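Okay, got some structures for you below.
What follows is a pair of complexes built around chain A, which joins chain B in one and chain C in the other.
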Partner chain A sequence: MTKRTSKPVRLIGKGMPRVDADGKVRGTTRYLNDIDYKGIWHGVVVRSPVPRGILRAIVPGPAFAGDNLVLATAKDIPGENVVHMHDRTMPLLAEIGGEIRYRGEPVAVVAAATPEQAAAAARDVRIEVDELPPLLTLDEAVAIFKSAPGKLDTMKEQTIVKGDLAQGFTAADDVVEAEYWAGHQEQLYLENQGLVVFPQKDGSILSEGSIQCPYFPVHELNDPLKLPPEKIRVRQTPIGGAFGGKEDYPTMLTGYAALPALKSGKPVKITYERNEDILFTPKRHPVWVRFKTGFKKDGTLTAIECDYILDGGAYLTISDVVMYRGILHCALAYRCDNVVIRGKVARTNSFPCGAFRGFGAPQAIWGIESHMDAIAARLGKTPHEYRLQVHARPGDVTPTGQTLSDENGSTACLKLALKRSDFARKLRQASRGKLRKGQKKFVGVGLSFFAHGSAFTGDGEAKFKAKGRVELARLEDGKPGINIRVSSTEMGQGVHTIFTQIAADALSLDAARIRFPMADTGLVPNSGPTVASRTTMVVGNVVYRAALDLKNQIESFAALRFFKGAPAELRGSRLLSKGARPVSFETAAKAMLAEIGSASGFFEFLLPADIRWDQATFKGDSYPGYSWSANVAEIEIDPLTCELEVKRVTAIVDIGRVINPVTATGQVEGGLTQALGYAVMEKIGTGKNGLYDAARLQTYIIPTALDVPEYDVKFVEYPYSFAPPGAKGLGELPMDGLAPAIANAIEAAIGRRLRQIPLTPEAIFAALHPAQGGTP
Partner chain B sequence: MKITEKIDVRFPRTLAEALRLQAGEQTRGKLLAGGTDLMVQWAAGVPAPERATSVWNLPELSAIEMAPDAIEIGAGVTHAFLRDCVQIRRHLPALVAAAATVGAAQIQSRGTLGGNAANASPAGDTAPALLVTGGSVVLASLSGRREVPLDRFWIDYRKIDARPDEIIVAFRLPPKGRAKERFRKIGTRRAQAISKVMAASRILVEKGRIVSAAIALGSVAPTPVRLAQVEAFLVGKKLSPKLIDEAEQLAQATVAPIADIRSSAEYRRWASGRLVRDALEHL
Partner chain C sequence: MSTIRRTWKINGKTVAVRFPAGRRLLDVLREDLGLIGSKESCGEGECGACTVIVNDEPVVSCILPAGQLADGTEILTVEGIEKKRVGRLIQQAFIEVGAVQCGFCIPGMVVSSYALLCKNPKPSTKAIREGLAGNLCRCTGYTKIIAAVKLAASRIPAAKRT
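Presenting the complex of A and B:
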């Protein structure tokens, strides 16, 4: 045996390969539709054919004469016909005599032994509706708001107030006011929505499928299904992408599948084809945002007034929280003493919008970052010098009154982005609508700068208390190892890998002995949903602390069992004690499992005691920590066709401690690409018939590999010291700021400002050639 | 069950056998070449037929013949083959450029020239490039062969001058000779993109004067179209910046595109003229 001391395990900060890579690369990972469930039935949702009306009748046709078939309607709902969500207004299925509020609203669910039979039967249900006139779009809602604000059908409002706005405008030398629009965006995960609900003998249900937040169905279907949380068990299958799209919606889908499952006693599977998935699942919210800003001659912002109206669709679902995150990001990144931000969730007769990476922030940042360039232009300052002057930094106070700590790398992001992209020089060379000699294309460069609040808004984390366990167990090879038990889900973002790294470092144990089984609410404590850029920061800390707790227990056991009570240390997969021969982790853990049976470390997340938040006034510490980023977009526009090409994007990011630089870079590049699609091509709206107007991959256009620009991604690290290992949020940040950087670059290239995304050739054409005109 | 499992697909070995199978056929869409249009249409709800005849890999549809007056390209030739074929590129560069913009590598390996033409979408990428050659389509049926000039082949939205029992065998395309060809597609993105507007042109300039001009556009009308008025306007004139300006405006005045999910009518009208300019600026 060697004498050398064991080296501690240090994986944090290293680019450890993804633990789930092998199966995904080889194609052996089994997603829901790869699993051969025997004896299940197939469910099809029957939907309203009109966007608004009173439901009069549901008439099943001759297809229902046979066996092996069930039709579930609102009458079959065991309890109250409501999905809890955030305001308990949305029925699980539309009721006879009740109001249909959007096209495609579920009216019934058919299940049958084969998908064909179910589909044929679903087509054989006649829905009778007395139609009512719908209000379909945000445009219509905003028109109402502008002419008669009181008439806007608002599902939720919230205002943020800081200082004295009137005084701020009085003190201003100049005012810039403008409106910005953003449309829907589809998540377009590779794997469509799907799950199976198994009715159990004791009346409970098990839902298994592509579910981003396994605890949501557990807590949001109790009233309709008349089942307590312990009787709704949810198990995750490998998820082929989600981006928020599988956050709120699988709750509904579990409800839809549960009804025929409970009625027939058969397991019922519902999966969507792409077309149904695009037409009938939630999208990113369209937003209209208006900024009115007052400032002094020297550029000092004296007043920011903002209205932020979000199209929630027909029901609130989770839109209140999306709006909160939106208004919290409207004026977060700049110094200003007087701020009023008014947020509203408007109701329209369109499909309820839901979660999508960024959660209201990209729309807010699209507005303010376009607007900051407009102010700079009015002042005759360059956009970067102006941002350097007024950007928020440690010691500054946010619109809700939170003082930024010195763990905010805002200045570093901004400065490094300007330097690495050579921004000032490129901006001087921008075309501004005039081609230089020999130049064939307009060139431009644009900047955006922003923060993203990590974790739940306000005191969400304090109230929630994320829980997690790290347990000693016998692994599949019969030897001891560790299971990480949290409800965070792997969706391709790499959480299984980075939690393995965190647990390995905390325990000082070889990562090969650590497993992260799929989330199963029957087995894992509730560490919360995998949303809000909270997982690495909050749940990562839970895993870290729980692993330390387990390490302590292993060391105490080993001290007594192997070292006569002398202190022991688990280090480099061995238990060490001064003057004694080291004992391998395997030996010690085997003994522990044999003699104690089981052991696990546990932790419940706490926020610092001095965190303050008042939900009623929206005052206090709106997020435990902030990630920062600056994006620079370099573009070309062909004057011949108005086609836009994004050539290069620089993204400097402060996400605190970087746990895995390879997966983190992947998150940033992937997020930027999703943001690129949002910025320049992804276009989908509610058509006159109430359906989304781009229902297929042929018409819903996202970037291909050839559309992706060169990326320069760099991290600056300002760790969140309260929660070791010190990560801040990463998931959503890269989605936030590319659209305004590109719009700002377009301004530099052609001298025109576009105020609506996507920034299509049609929009550039309309701006450059107003006489030939047209609508973008 | 997958769509294809429900369809009885027959695989003839020869064109003669395929023609027999097609004899008396009343409806189109039962000839299956690469399937890259048909499979998508069936999945999107277009009723799939009970039986289909595959023309994929039929030897008579895969040939390429280079004669001085015309290059004959089999209808079963794939976009990938066209993209990579140096000889064809020399004589029909616009067609090769068009084939290279169809979908992406996978679709190009499977999609055929015949399928693209018979599918008769106004956005079919090869159509404008075929049109400017002034060539023709060779059709065969049990009752014999006939040739249809390409500018009369696409009669209306998704309608072609071919009976359901006829199989497109080949395209007879005169080489460009000393003329210049150009192809440009404005797509919704850089690959896997259906065009918003596209143009192909074949123009011969001698001593600064335009001797002949063929310009065709896609996605601006129910069918791919030749810009006869613009062509007539150009022929005999000296190439100049002013002429290019006028041709651009004339093209814009000639077309009457519609708005759809991919683009606006105004943009399409404007871009039509811009692509005419692009062709003339590259002579």
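Presenting the complex of A and C:
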């Protein structure tokens, strides 16, 4: 080592400004619709006009007489008419003679040289369907479940069992049972869905666009397109928000665009306008959840029984995994020896639901966190004291039998949230339905407490083995630098920035020499989809290790080339060796590129060898790590208009090591705001005609700058030591717990519990005035 | 369809444009002039992603027929704003406080912030919230955007505003 002792700059833990911010504030970042593609055609999807029936005919009209136009139907599908997804049941396009299962189900795709021509032609296709009666909503499905459970049409079921439920209820002194409902939610990324499929000379395709998980189309469309994975290349353009909405759906969209592209030989772009995007892309699943809980006089939970039914829509797509995540979060945060949780994916004739930040967990946590307050009330305990008593902490065993390690900051989150929000005092001052002296509004405060499992469920990561590469390269300025090659996509969450920080620290190199190009399956190994709060924890670890691997290679090369075989260390962008003059990274890397041609570090993610998971019984370690949070919501309700205002939200968060506190806080504030919309205003459902009943921004209302409360966000760090730098998942956690915190605050304010979100003024009015048609 | 001809001042430069009657200002900017910084998200005046400044007033360009703008109209888009001192302060503040995520709403936010600070260089939090109420952002929860506008305002020298 040299005598130089000054420490190189560390970026992990610092609020490094985003690497992609400049183009975004200047308006120079080119999203899909900002790219001037020459000579492309425009595709329009032709859809079923009814929610259910037998497709009899697809009849193109006179608009199809002209040139520069193509109509693709199921007959044009080169292979088997099925999109793989999770159960291989959903056709890419409905077949003549086959069953239409939802309104808007794609039947054909028209492509033409101009968008106007394509739209006109699409309107000129007549779809003939023999209609059948549809089952449209979760309400109908739950009614069937309640009257004749065996008659419920389920696409997937799963049960979690811990201990002996009957014994648990026998041991109980009291029981509380209640149902909770949650509706659909639209992701409402500001950039609508879109992509372009370019047919290639060799018969392969390239799909480019606003795609959250580039490897999904690569592996989901092999059968219909009759193309092996290496003949489907997918690359990301800058994504204007996704939140799960561009996870599963771009696979479908790639399939739709590929058919006319392959038929015509022209590149075909499909891009939705807002109206089409809201009507015909997946939403968050509506869920009905019922909790029956037994407990002793002292509050000890002796039994938790739970039914969790989600509306999957017409096809399973990915709903099984959403249901799994849901049931795994139904009773995760509390001590109880006897638990049964039954999850079901119900089939309805509505648009298939899909991924949205939280992925089943917000609905589960909405239920249990409302329910915990109900139990506390029955016991005559305060909600916070009760949670402090029974919450899960290190050493406790989850419903699947996983022992929580001491890398869980559950208690710290709960205590700090109570302290920072001054919860106990504010709860004492809550209105409880009576305006106190001087009060013009009902005031209330509510608490929620929860965990979110990071990364794929069970042994998913062990099986998947996320791969990544960090390579030495000549950058656009001609000088050497580093390219991060992983399939994680930048959607706004900040992965390009935090992976730059991680690689810079691992290599001890100036971040200015590091690039993270957009994911392109032709160039990056499969590090898995950018989902499941896995990216920083899992792929961040892959980047870290791959960067260390490359660092070793650079040091070995430098030792021989510059230091006569003496050990060298890359530190602060220089190669140092004891007693020798340092050599700059630039000099060493140039020499390495000149002599070896290329160099890259590689890593494949591993899980600890002792991880256990049984997918059949749902027993074992359900997630590699858990992030924790406690939310406190402070609200006011106008007694006349029943208008609700969320004044202040405290969110204490344990996501392990915080890589970038600024982007992390931004994730929490943004997630909380989506959760606020979910909780109090975003309302959309399947209408009688089978279409969503809110189709525009005039009718689907999301929070504006006037609606957001004051946020108090703080992190407590309990790092995941197995995967340096020690991050746990963050993306979904802020979406999970605000709705029940607000419902609990409403209860404190008006003395009534609401059991259905969104918690609208109409619902509050109905709760306050049961005689006028509302239910208390 | 009749063709309309106009001469406007866009981002400080005189520009002659021709477009069919009924064409939206947003399309003239993005497609005819290549000013792709203004975004389209809802296309019906609800989200503010397409906000530009027309004769000192912020407007949503997706529902404004371009033909309604007379000769001599001054239009400022995000591309022109960075040449303004306050515009640059706003952009820098957005970067510094971490107000940018996916970025799709950000040009509209920058434009609305600029319009606000030109009128009211020391806005209260309430005034900022009101000034940005027509611009939806699905990523950030607005908190850092509001903080960025405050920071930019604090850096406007008292004498040289705008």
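The working rule: the second predicted complex is superposed on the first by the 766 of 776 C-alpha atoms of A that agree within 3 Å, B and C clash if a C-alpha of one lies under 4 Å from a C-alpha of the other, contacts with A are read in each partner's own complex, and residues count from 1 in each chain.
The definition used in the following text is that a residue touches a chain if its C-beta (ideal position, glycine included) is under 8 Å from a C-beta of that chain, and two chains touch if they have at least 3 such contacts.
Here the structure is a predicted model, which is why all the values come from computation and not from measurement.
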Counting only touches as set out at the top, which of chain B and chain C does A:747 meet: first, second, both, neither? neither
State whether A:706 touches chain B only (first), chain C only (second), both chains, or neither. both
Touched partner set for A:276, first chain B, second chain C, both or neither: neither
Applying the touch criterion given at the start, work out whether A:765 contacts chain B, chain C, both or neither, answering first, second, both or neither. first
Look at A:24 in the shared chain and tell me whether it touches chain B only, chain C only, both, or neither; answer first, second, both or neither. second
Let me test your reading of the model: by the given contact rule, A:694 touches which partner, first (chain B), second (chain C), both or neither? first
Partner with the higher number of touched chain A residues, chain C or chain B: C
Touch test for A:641: chain B only (first), chain C only (second), both, or neither? first
Under the stated touch criterion, which partner chain does A:34 make contact with: chain B (first), chain C (second), both, or neither? second
Show which residues of chain A both chain B and chain C reach, each in its own complex. 696, 698, 703-706
In the complex with chain A, residue positions of chain C that touch it: 30, 34, 36-44, 46-47, 49, 77-79, 82, 90-91, 94-107, 110, 128-130, 132-146
In the complex, chain A touches chain B at residues 116, 275, 640-643, 681, 683, 693-694, 696, 698-699, 701, 703-707, 761-762, 765-766, 769, 772-776
In the complex of these two chains, what residues of chain B are touching chain A? 1, 40, 44, 104, 186, 188-194, 196, 252, 259, 261-267, 269-271, 274-275, 277-278
Using the touch rule from the top, collect the residues of chain A that touch chain C in their complex. 15, 17-18, 20-31, 33-34, 36, 187-192, 238-243, 273-274, 491-494, 662-663, 665-666, 669-674, 696-698, 702-706, 708, 711
